[in-house]
Amino acid sequence: MNGAHDLGGAMGFGPVAPEPNEPVFHEDWERRVYGLMAAVGDVGGWSIDEDRSACEAMSPATYLKTGYYEHWLHGLEYLLVKHGLATPQEIATGKILSPRKTVPEATTAGEVWERVTGPGSYLRQPQSPARFKPGDKVRTRNIHPETHTRLPRYARGRTGEITLVHGCHVFPDSNAMGTGEDPHWLYAVTFTARELWGRDTADTVTLDLWEPYLEPA
Amino acid sequence: MNGPQDLGGMMGFGPIAPEPNEPVFHADWERRAFGVVLAMGGLGAWSIDQSRFARESMPPAEYLSSTYYEIWLAGLERLMRERGMLEGEPKKLKKLTKDEVASRLARGSPCDRATNKQARFKPGDRVRARNIHPEGHTRLPRYVRGHVGEIARVHGCHVFPDSNAKGRGEDPQWLYAVSFSAHELWGHDTADSVTLDLWEPYLEPPA
Amino acid sequence: MAHDGHDHDHHHGSELSPIALRVKALESLLIEKGYVDPAAMDALIETYETKIGPRNGARVVAKAWTDPAYRKWLFEDATAAIASLGYTGRQGEHMVALENTPDTHNMVVCTLCSCYPWPVLGLPPVWYKSPPYRSRAVIDPRGVLKEFGVELPATTQVKVWDSTAEIRYLVIPMRPAETRDWSEEKLAEIVTRDSMIGTGLVQVPA
């Protein structure tokens, strides 16, 4: 969706403000939100794509007014309700008001290191050969899906060149909707600043884009 | 600028909420805000293009969480601050008087200008909106940049906002109504179209 | 947004801010429902607060600077080369290493969310996740670099990588010339987080 999260090329946000000696978390509640999301993610049954999609569903003004872990908190609450793990009333009160849903056993402390560092992959067995190879010129489709996509607005309808072929990867546009992984070939595609922004420099931007986003130039 | 005012094609704002029997103003402060912004505009200290740019320059999160007249007020404050009108001696500017209001409003502020330049395009010509991303004020929205449309009308030669908003003069340019199909703009398969008023410097012949 | 809305959330003493209360209620609900093991939650937090961070990435860079075979492997198969040092898992399942040279400066952003190579850099800093960086890195990379004190010659091409998929990018910065006889351990100490995002250069401390 063309939401407030799609920030590439937007102006007016002022300078980048790096913080010297920045702590990993700024407030204890941020630490807790991170921990909850990571812990519940194992039993919740949602994908990272669904998670991102949930954060993007915030109203644009709220999204821009709130910080990163508030986006996470919004996404977590949304997913808990959507997947029947908690009701809005339970979230508001912190009290159990409905039966517990049967879910996989919660991760134990002893399993955490293995879960965090263990193998995981978004790579899938291809069902067809890759349509493009490095050096091919491609044009991104000018699509405006109402649902989750990883093709940002600034890169739509632009011509670039295939730089890397990453393999066949889970397709977020489908996976976020819970309609299956629908794996597609994933490419790093490089665009010149001139093509993207009409600026006269030799600089480039490279994005990871799935085959359904692309057509031959 | 690619600022928060450039909303065309944005999603996530929810349904449109028409209000039955909507009053002209919803609070007395809105009435006063409207009055003060128009009265201050009457001083001639800034152009409409400068006032639009002042509003667009609000931080995006603030812009999107403000109401219409809050944005007007923020714009007015910015215009005054930029001109040193918020401190020190008042500037010597001619106030708009009560007697002038009716005639001023009736006259408006026409922005068509005489020109010797020939229009580059005529109705029916196909044109591409240039893919430019200026940091200053522009009336070429992001959603139309790089897309091909057709000249629907030639409006005449008009004050060019991109220049006028910077205080660099009116630099009048030919202005066209340009129609784009929904398919071209959004990839949607409909026969619907969107027409925008675009100045000649925004346009080029399609390659 | 620069400080991500923390200031107004700051409450003195033991009084909790509204959002802290909201999180506390959620935490007790999820623990009580048996969806979360509190000890596991603490372990997850501790992992990224104390165990996994940019020191990991710095060791990858230092090894790439001192071991030509490792360097070759890193640019051919970053996932395997990085895993060989024990850095694997979440948000680093598919790694690509990007080589900075006098001609090419790579920098990484995620315009759509906050994608970042956790196993080698830990959790991202606030500025990386905030609108100013996410909006500007792709359209004005040199302006952003200037704010980080990095000015590159016009002859250096800036390549920005927008992490739109599950591929995670690690920038391998240039090694300062004056470190020729340094050990791998000593080199790892001067590799900064920002140099591995591409918003900084590695410098020998004065």
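A, B and C are the chain letters, set down in written order, and residue numbers restart from 1 in every chain.
As a convention for this text, a residue touches a chain if its C-beta (ideal position, glycine included) is under 8 Å from a C-beta of that chain, and two chains touch if they have at least 3 such contacts.
Only a predicted model underlies this, so the values are computations on that prediction, with no experimental measurement involved.
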Inset, instruction - Could you pull out the chain whose C-alpha mean position is farthest off from that of chain C? - result: B
Inset, instruction - Return the chain pair with more inter-chain C-beta contacts, choosing between A-B and A-C. - result: A-C
Inset, instruction - Please compute the C-alpha centroid of chain B, do the same for chain C, then give the distance between them in whole Å. - result: 41
Inset, instruction - Could you grab the centroid distance between chain A and chain B? Build each centroid from C-alpha atoms only and quote it in angstrom. - result: 34
Inset, instruction - Round to the nearest whole Å and give the separation of the Cα centres of chain A and chain C. - result: 17
Inset, instruction - Provide the list of chain B residues touching at least two other chains, using ranges where the numbers run on. - result: 2, 59-61, 133
Inset, instruction - Specify, in ascending order, the residues of chain C that touch 2 or more different other chains. - result: 1, 131, 135, 139
Inset, instruction - Scan chain A for residues touching two or more other chains and write them down. - result: 9-11, 13-14, 64-65, 196-197, 199
Legend entry - chain A residues within the chain B interface of the complex: 1-4, 9-14, 56-65, 141-144, 146, 153, 157-158, 195-199
Inset, instruction - Could you please specify the touching residues of chain B with respect to chain A in the complex? - result: 1-4, 9-14, 56-61, 63-65, 130-133, 135, 142, 146-147, 184-188
Legend entry - Interfacial residue positions of chain A with respect to chain C in the complex: 5-11, 13-19, 22, 24-29, 31-36, 38-40, 43-44, 48, 52, 55, 64-68, 70, 73, 76-77, 80, 85-86, 90-96, 100, 103, 106-109, 111-113, 115-123, 150-152, 154-155, 164, 166, 169-170, 172, 186, 188, 190, 193, 196-197, 199, 201-210
Inset, instruction - Show which residues of chain C lie in contact with chain A when the two form their complex. - result: 1-6, 9-10, 16-17, 19-20, 22-30, 32-37, 39-45, 47-49, 52-53, 86-90, 93-94, 96, 111-114, 119, 122-123, 125-127, 129-136, 138-139, 141-142, 144, 147-148, 157-167, 194, 199
